[in-house]
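I've put the structures underneath this note.
Look for chain A in each of the two complexes below; its partner is chain B in the first and chain C in the second.
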Partner chain A sequence: MGLLTILKKVKQKERELRLLVLGLDNAGKTTIVKKFNGEDIDTIAPTLGFNIKTLEYKEYKLNLWDIGGQTSLRSYWRNYFEQTDGLIWVVDSADKRRLLDCKAELEKLLVEERLAGASLLVFANKQDIVGALSPEEIQQVLGLDAITRRHWCICSCSAVTGEGLVAGVDWMVADIASRIFLYD
Partner chain B sequence: MPAEDSRFTAADVLRFTAPTEGYLCPLSANRYGIRFNSFKVRDVDSNAALFEVRAPPASDDEQIIVDDLTPEQEVQIRSIRYQFPSTVLSLKRIGTTLEFSIGPEPLNTFRMIERHYFREMLIRSYDFDFGFCIPNSTNTWEAIYDIPTLDPAIQRDMVANPYMAKSDSFYFVNDELVMHNKAEYSYFDEAAAT
Partner chain C sequence: MECADDAAAQAARRKAQMDERMAARAAEVEHQREVRKDGEDRSTRELVLAFESAFADGLARATGALGDALDVAALGDVSAAVQSLHQDVAAASTFLPAQTLERTTRSLAELEASARVKREQVAPKKRFAFKARDKLAPALPPAPGPGGAGAPAGARGTSVAANVAEPPLAPPAPPPARVPGHDGAEVRCRRGERLALAPPRGSGGDMALSELVDCDVTLLDGVAALWVDKLVRCRVVSLPIAGAVHINRCEGCEFHFASRQIRVHTTTSTDFYLHAGSHPIIEACTGLRFAPYLQTALVSDEAFAAAGLSKSDNLWSSVDDFLWLRTQQSPNWQALPEAERAAHDAAWAPLAAAHAEVSAEMDRR
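Right after this comes the complex of A and B.
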């Protein structure tokens, strides 16, 4: 059924993509989004709601929805699932203590029917921090290899240096485009 | 204004071709504690701030003040005049960031429609659906876009005629108009400024 939903989704009028950026608090979601858009990242406060960025990227219009990740806000994430083309899951690769929390929250999202058609990009963020787990280690802890019915990709990145951000977003946009716009 | 007259929908305002006379809903229509905290315009390519305005922190007696305004004070609250250097008109990409807060009640659908006019002609229209807003949240939306290149003659006309560029901003909760603000824009030549 997931596949049928995807195939039916032909947005001919406008190549508009909705990307949902989620992850535990302090994972670096807002910093990633801001850095990607050339903004100052010196003072970033915890997000107590959402930050949306609407931008043109290649020939697409991207709507990036970065939603706050604090425990009290996670129950509201489901209000943003509808029509999501891609899920960007941001991991603090240096926060080993909460990796199982991180895995549990991601698993909850992956069984959501309204996210069934979304590609998954995992950003193994904070690679600039000494002692951060490698993307291979994150992949293993999160059990990503068990995901078979969805396109996914893990990218190492550093929101602070900007490294890896463009590569990740490029993968996501290309993956969604190959699924959705195949009738063009 | 009687309640039945104030029921403008999104479909209604999307048909407007000129700035409205007055405001299409009273200030009291904002029953949701929606508050605009800041508005910022930046040049995306250089990340230089072109304009930034920040509201003073919310005070407890704000609501009381709203109920007791003279028409002149109301206009002052609901309209803003922007002054931009004329170089803004020839920038390639700008980002406009709006920060707003929501009261204790969740909003199921929150939508903004903004109509921009010059000399009573529609030049641009924005329509963005925020969807759900978390109770007591503070949210931001940045729209980054390529500015459509305006004809140089129109650009000169805009510089020569301050505040002839106007906009109406309409905000809807569940398709009910809850806020309506106005703005006017002037563009000044930096070289000519003293």
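Right after this comes the complex of A and C.
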């Protein structure tokens, strides 16, 4: 157990990325995580509490924390902020009625000190639904262009078909890796 | 001569002393070199030893406490102790050899398992809790790629931060957020009407009912997502819905829904007849009653299949109350006694009428 071993251990740990998946209820957080993990998505109930998935992606180990989005659970979100490398904000693009709620909740997160260093990936989910808003419209309503102090990206996706998920996660992983891993 | 002998003896003694000191010094230098050489190793080893003895103590204490624990509170203490052991292990994981780490983790897991057994004995069911087990062993088999690798359709804006000022603590000026209009059908502000509705074609099946009083609403085919808000004393009967149903701020209503997800918020004194594909959830509700969706020939098996529902799997009674995280039955809802359930005919009459009307319309055309 020399210094080298210790260093190796630390480096192994660095290959782990902690991603927090948040959004309003019914945004499709659990569906996105399960679809990405190749699991069945037909019988997903609203999340009471949270789900954690650890999965290997490329040479990284992703720890995905999927926290329930019901109003009564949102106050618990902050318990999961610590040491988050990336925030995945899931938007139900077809839910126009609550888009302003969605904006308000996101704004609350973005001023959070413990999330200051996290990259932000916005998934404009449910693009398979006719009448869903385009990512450009969502970008505008959420006011993403005003974010200047962190790396962000908006990706359209459909958790049901799986489209766009890989692209989004790819961006997230590459962004975090370039930010915190010196040897990449 | 004596003098000379004396001097020689003294010199010899001095030399011996000197040699001794040299040897001691050499030994010390050697020792120091050694210490310096494996200082890292040594301190780690000491840390490991210290950790191991502390951990063994803690484990023994927790095991003893578990043996003595007779009630839930005592078990709570035990699990708190286990938690702190977990934290210690996590903190020490950077310097612990893999073998030790594995051993400690295993013994902790064993302790937890026996604590679970004990808990089942003491208090029959567990209360809801965020389980430490999830944190410990999330290691699922590495996932293959996700289904469907889609093109990165959609806009990709990446803005890189530089030396820009303060975070917008107070949001700067109310945003001119223009939410694009809803293009689904929305029915609102009606009183005492009978309505038979279906979403317009090409709308995606999004449908909203809001601010209705004393209305009798029938929803026909093609609804993919239903938003119900502020209904008072209304009855809503719907054919199977493909997506989710959201109910918010209703009072004294009767709802008949079949859907994959059903979410009810801030609603009081309302009866639900559900065919649910997943656990229905309620939040901030009181006086709700649940019953299964009424079976009728008007709703075909195909309608169920089209909405992605299986006719045999109905979770109407597995209601999750987000504000009642205990094993005991939530006081906010109950199963509707069979004697008080709505009669099939009464509930489905509007649907039958609507169907008759639609077919009459078709005939006319």
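Basically, the second predicted complex is superposed on the first by the 168 of 184 C-alpha atoms of A that agree within 3 Å, B and C clash if a C-alpha of one lies under 4 Å from a C-alpha of the other, contacts with A are read in each partner's own complex, and residues count from 1 in each chain.
Here, a contact is a pair of C-beta atoms (placed from the backbone, for glycine too) under 8 Å apart; a residue touches a chain by one contact, two chains touch by 3 or more.
Please read these numbers as outputs of a predicted model, since none were measured by experiment.
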item: Fit or clash between chain C and chain B when superposed on chain A; value: clash
item: Which of chain B and chain C A:Val130 touches, first, second, both or neither; value: second
item: Contacts of A:Gly49 with chain B and chain C, given as first, second, both or neither; value: both
item: Contacts of A:Tyr80 with chain B and chain C, given as first, second, both or neither; value: first
item: First (chain B), second (chain C), both or neither touched by A:Asp40; value: first
item: Chain B versus chain C as contact partner of A:Ala177, first or second or both or neither; value: neither
item: Touching partner for A:Asp145 - first (chain B), second (chain C), both, neither; value: second
item: Touched chain A residues, chain B compared with chain C; value: C
item: Candidates 1-9, 37-45, 73-81 or 253-261 of chain C: the single one with C-alpha clashes against chain B; value: 73-81
item: Set intersection of chain A contacts, chain C complex versus chain B complex; value: 37-38, 48-50, 52-56, 68, 73
item: Of chain C, residues touching chain A in the complex; value: 40-41, 44-45, 48, 93-95, 97, 128, 130, 134-135, 138-140, 142-162, 164, 167-169, 171-172, 175, 177-184, 202-206, 208, 224-225, 227, 244, 246, 261, 263, 265, 277-279, 281, 283-284, 308, 315, 320, 322-323, 325
item: Chain C partner contacts - residues on chain A that touch it in the complex; value: 1-3, 6, 9-10, 25-26, 35-38, 42-46, 48-50, 52-57, 63, 68, 70-73, 94, 96-97, 99-100, 103, 107, 110-111, 116, 124, 127, 129-137, 139-141, 143-158, 161-168, 170-171, 175
item: Contact footprint of chain B on chain A as seen in their complex; value: 37-40, 48-56, 68, 73, 76, 79-80, 82
item: Of chain B, residues touching chain A in the complex; value: 42, 44-45, 47, 95, 101-102, 128, 130-134, 136-146
